[in-house]
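The following pair of complexes shares a single chain, chain A, combined with chain B in the former and chain C in the latter.
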Partner chain A sequence: MRRLVSAENKPIAIALGFILVILLIGTGYTLSTTGTAPLLSPNYLLQQLQIGAFLGICAAGIMMVILLGHIDLSIPWTLTAAAMTATAIGGDMAVPTALAVGVAVGLVNGIGVAWLRIPSMIFTLGVDTVLRGLMVAQTGGFAPQDTATPLMVFLAKERLLGIPAAIFVWAAVSLAIVVILTRTGFGRAIYATGSREAAAYLSGIHTRWVILGAFVVSGVCAAIAGILLAGYSAKAYQGMGNVYLLPAIAAVVLGGTHILGGRGRYIGTLIGVILIVLLNSVLSIMQMPEAGRQIIYGAVIIAMLLVYGRNQRVLS
Partner chain B sequence: MLAKSLTRWLQQNLGFAAAILLLVVLCLVYNILHPRGFSSAVAIQNSNEAVAIVFVAMAQTLPVLLGGLDLSVGAVMTLTNCIASELLHGSPAQILLGVVVTLLSGTAFGLMNGIIVVYGRIQPIIATLATGAIAIGLALLVRPKPGGDVDEDLSWALTNSVADFAETYGIADGGQAWWLSPFADIPVPVILVIVVAALVWIPFRRSVTGRTVYAIGSAEGSAYMSGLPINRAKIAAFTLGGFLAACGGLYLAIQTSSGNADIQQAGAYTLNSIAAVVLGGTSLLGGSGGAIGSLVGALILRVISFYFRILDIDPLLQPLIEGVVLLTAVSFGAFRTLRVKNKLDLFR
Partner chain C sequence: MTDVIIEYRGISKHFSGIRALEDVDFACSAGSIHGILGENGAGKSTLIKIMSGVLQPDAGEIRLEGRPVAFASPRAAGDTGIICMFQELSLIPDLTVADNLSISDPPRRLGLIDRRAQKARAEKLLARVRCEDVDPNALVRELSLSRRQMIEIAKALGRDPKVLILDEATSALTARDVQTVYDLLADLKSKGVASLFISHRMHEVDALCDTLSVFRNGRHIETFAKGEKNGREIVKLMIGRDVEAQFPPRPPARQQAQEDQPLLQVSGLTWEDRLNGIDLSVARGEIVGLGGLDGQGQKELLLALFGVLEHVGGEIAIAGQRGGPASPAAAKSGSTRMALVPEDRKTEGLMLGMSIADNLLAACQARISRGPFIDPQRARQAVADGIAKLQIKAGSPRDAVMTLSGGNQQKVVIAKWLMIDPDIILLNDPTRGIDVGTKQEIYRLMRDLADAGKAILFYSSDYAELIGCCDRVAVLYGGRVVSEQSGDGITEESLVAASLNIDPRAA
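And then the complex of A and B:
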């Protein structure tokens, strides 16, 4: 008997099903309490996606790194540093400078992980702490007074053809990632390096440069998210990126990307992000207190991973 | 003969030896620079503030030895901290019950982590990411607002010197007994850490289960083929991690007389514990290192932050200096790349 869904797509199918379940439960709840179904209105969904764009862009970047079997814990302060630099510089150069911050952080991370061979878990954590230190020293520990430039506000808040511009940015980033992963040698090299770096090296892939490239993409994505978030809140503030790291990792993993690298499709990450955003919005519609939210959030991740099918009994 | 075995020990425990050396140097310089010099009061205050992160770092060591990572240690510590802040008052029997319940709840949470990892066959890092959220949620249920009620005698006795401990509970002639005087100035928290390390960690490491944890971290397939109890070792490692995290939470409640279900604080403890484990010479790939190393690593992290108190450093520069020190310390691991003879050994 042919299997309906291939092993790689199974998590994606389950996650899609789960999104429907969340929508059904949420709609059932609002119908029973207020008699309306705001969750199904396109306007509400677009608004949720607009907020989800920040998470989505972070997740897109970190997915490249996770595909290599590494992780990027410097996302929070890369995001914040990019946002703070952008608002401090201001003018036309704000966005390019923020992107440059992202590239620079990615280069540092990549060199540390690929050349110095320090485990990414600890190296990116150190980079995150250093960035936080730099920003605290720079701003004095307060939210800087500089405001976001009109371009940043436009990208984050305005609508184009009735659709929030942030969604277009998210779509553009997504398209770029999909093209990189499926249509370029770099993308294939990422999968190869993530599966077994020694084998990739022996088959002539410059694995160090691949790792460097993936970290740069991750840094740039965090910087883009920072630009949007600063535009959305009209300015940058301390710790603005802290809430995005763990949900981004969760979204990537819920989308079927293997945390040890080598396997995963971008569409899964996209669905993982939508799932988390919808879960959050349904919980806030239900006015769930923070305690209940955290418990449900954790339980959902565990439950879904249990459904996905499990690792081998013994890892070789 | 002795020199030879010492050299061999050094080669095998280079990271640990470097960590001890760093800690000794840091402590010496600290006490020389300290305006009041080395005194019991300074030692007591500093050791009080180090206990929680020491226990959390020891808790993190076990999953790391397996080649995994526990992102829930900070959250479990926060949860037990909140539970302890609710229970540690009343009659001595009630307090004792509170201590036992606190430690048991942390242990049970660790057991749950282990069961999810072993029977759910989910990667530890992602399983504990989720259970960490659950622990924080439970902590918020137990203590929605910071605060708490901890027995004052207990709090005083456990956060001061041995003499004060004896005086509080009227043992050893109120702390005046002659046989107590050699230990009178030792801070109680130091003794607590040593007792837990000696009575829990060292027996565990020497048991079959403990050795299996190391074997799994080195080569899980080989450990399985050799007939070692893989599942039991994994569950035991996470359970013991939960217990040690609970020790940290319990002590934090005693030290601060309160509980605080702070998500940021939990995250900071988790990340610092990873840093401490690495500084203590345990490999993130698993299979080598130990909880004693993490203890030293955690102390290094704390001593660095104590320096800010005695040196006239702009408080705004503190996070930057902490980060640079951490990054520099872990970058020394890069020397490994120079010693590797076969380039393929790098790709592990």
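And then the complex of A and C:
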């Protein structure tokens, strides 16, 4: 058993098991009330993945930063700023401009954390607030009247070969992250720096550039999520990214990435995202009132982390 | 043994199927200094952890003064007077010296910590370990490693031990502090305290202990009074095989004139108040030692050469090119490459939680990549080569490096740097706290590397190593080279004299 599931994969296995439990409970509920099992239909699952894409792309980016032992709290307004810029610019330049916003925010975060040595929790929170101020100043505090470009709408809503295009975007982002983390020197340097920055630096790794790079990836991912989300609702609006920060961090951590950095696999983050999306969905199918959903949602996250923690202590 | 204070019978301990201790009988008498010898992985650490209540044995019984006891925690062991000073420093860096000294049971008044009593207590303990120069209100993080280790000893003393366990207590100490520890242990002995002394430095064990026990492969091999066996026999017991000379032979004195220029030339190097004008040169094929008391600028010199420190004054020339590297990344690349084996392998040398393979490849990513992508074939090959070259004893390269013994961990650090084929190798006390067998392998490796044309700069806190390994030794004092000795002129007396800067004629 110990050979079968290594310490690193244990949280992933647990999360996977929990997804099955959620599906079983949800299906049991629907069978007993309506006699159908919509949860297991491919259409329902694809729809969940499409919704999950926004969260998944945010989580992919923030995972790079968490692997370094840092955090990126500027995700919500990076996402919103990218979306608002895209709709305001419009035309062919909408998507590239939004990505540039993500790169710019990532550069600012990276310079603040790596060169100015300001703790990321404070610095990115500050950047988030500044971005919010900028967006309010630009729009006057109202939802902008501009609409998303056809490309954005296509990416977010249309289907390709019967599969939502957003899932392809998520898959492409995922593939890029996996390749970065497992196949490039940059990826190995992220793990090394997150594991022990002093040792990484003394091994001749450009730790500052690694931190900068990770924040840029995080910013770009938030921007991509912003582009999709604006396409999905056909426009950008104030606070559209607010609901993604905590679930994105939760998904990364539920997937087994160590919150202090150095350890974690991308597949775990993927499973963490699916877990959170399904949990939300099943709770709403069960017509749980909002307050109850919040309580269960939070309790599940805490309970699962407790289980991981106990396992790690026994194994080490 | 007349006055047995603590006795262990048939102690066994297994970790997930791997035997750490097997049926160990061991006893220790009041008023003795008992040395425990064995290579890393021999079971010493496990034994100590069982003694101090950190681990519980799978089988066997413990008798304290004839009564069977079981310790559920270090606290329980400490309450009965069994105090352990661990190899891993257990001080909290962000608390003051006084706080640390009284951490387990601070003096209280009305339930609150009595700071004045705590400070007085700290002063008394510091005086006992002759560290009066340490301010009780100083933060531990501001102290040198050597001072911290003395504080650790003071902390153990403050808990009134009946059995005092010193695990590598002297590994980072300067010669003067080692003498203080000797005196302390002699004093404790006269008061009937049993001291268990674990050290890899044979001459210390020899000078200090009255009884010796040798462990090997989780078994207690033999216990004997000091003087019954000579050093050679003891080493043989420890490693289970014969050893020849401890150090590889030094080649005949080199002709400096052969070299048109040294590979590494330092003149007038300064940095803050730690380095005050260092002049030094290292040629290809040469091992130059850095001697002196701890904290005389040796560490800073190595860091300055490696490009870690900012605002370094003076001049560094590498292969005739003026100007030192601006960062470790610059130091390890270019035509003349530099490597540094840092002081603390656990925090500076290794990413402990990562795999052996990842650690081995941490410095040479550029060499195993095509463009931004790592070539898995070349990476695997490099890892296999590194493990084979240094004979690292590891289950799988994918295991976390923290599962290795100290000696094998240090080998990983060295192997990591050999992957970039460095020309200049800087070593900061590379044999601290590792076993005899591995030490000898490292000495031999250093000599082989020098013979292959590398320039090696080697700081060691162990005089025997400097004498045995180096072609030349530069002794540092107050951030300056006060003496340079070479070949057979390097003796313990001359090194000690120069370290204390008491004989200017030695310069």
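By definition in this document, the second predicted complex is superposed on the first by the 306 of 316 C-alpha atoms of A that agree within 3 Å, B and C clash if a C-alpha of one lies under 4 Å from a C-alpha of the other, contacts with A are read in each partner's own complex, and residues count from 1 in each chain.
Basically, a contact is a pair of C-beta atoms (placed from the backbone, for glycine too) under 8 Å apart; a residue touches a chain by one contact, two chains touch by 3 or more.
Given the structure is predicted, the values throughout are model-derived calculations rather than measurements.
K.L.:
Examine A:Thr184 and indicate which partner it touches, taking first as chain B and second as chain C; both and neither are also allowed.
P.N.:
Second partner only, chain C.
K.L.:
A:His206 in the overlay: touching chain B, chain C, both, or neither? Say first, second, both or neither.
P.N.:
It touches chain C, and chain B stays clear.
K.L.:
Of the two partner chains, chain B (first) and chain C (second), which one does A:Ile25 touch, if any: first, second, both, or neither?
P.N.:
neither
K.L.:
Tell me which of chain B and chain C touches more residues of chain A.
P.N.:
Chain A has more residues touched by B than by the other partner.
K.L.:
Would you sort A:Glu290 into first (chain B), second (chain C), both or neither based on which partner it touches?
P.N.:
Once the two structures are laid over each other on A, A:Glu290 reaches chain B alone.
K.L.:
With the two structures laid over each other on chain A, which partner does A:Ala198 touch: chain B (first), chain C (second), both, or neither?
P.N.:
Both: A:Ala198 reaches chain B and chain C.
K.L.:
With both complexes overlaid on chain A, does A:Ala299 touch chain B (first), chain C (second), both or neither?
P.N.:
first
K.L.:
Touch test for A:Leu107: chain B only (first), chain C only (second), both, or neither?
P.N.:
neither
K.L.:
Going by the contact rule set out at the top, does A:Val136 touch chain B (first), chain C (second), both, or neither?
P.N.:
Once the two structures are laid over each other on A, A:Val136 reaches chain B alone.
K.L.:
Quick check on the output: what are the common chain A residues between the chain B footprint and the chain C footprint?
P.N.:
196, 198, 201-202
K.L.:
For chain B, which residues count as touching chain A in their complex?
P.N.:
69, 71, 116, 120-123, 125-127, 129-141, 144, 220-221, 224, 230, 263-264, 267, 271, 274-275, 278, 284-285, 314, 316-324, 326-327, 330-331, 333-334, 336-337, 343-344, 346-347
K.L.:
Applying the document's contact rule, which stretches of chain A touch chain C when the two form their complex?
P.N.:
Per the stated touch rule, the residues are 2, 179, 183-186, 188-189, 191-192, 195-196, 198-206, 262-263.
K.L.:
Using the touch definition up top, name the residues of chain C that touch chain A in the complex.
P.N.:
My answer: residues 16, 306, 308, 327-329, 331-333, 340, 342, 347-354, 358, 361-363, 365-366, 369, 372-374, 376, 416.
K.L.:
Residues of chain A touching chain B in their complex?
P.N.:
For chain A paired with chain B, touching residues are 73, 112, 115-119, 121-123, 125-134, 136-137, 140-141, 196-198, 201-202, 207, 239, 242, 246, 249-250, 253, 259-260, 289-299, 301-302, 305-306, 310-316.
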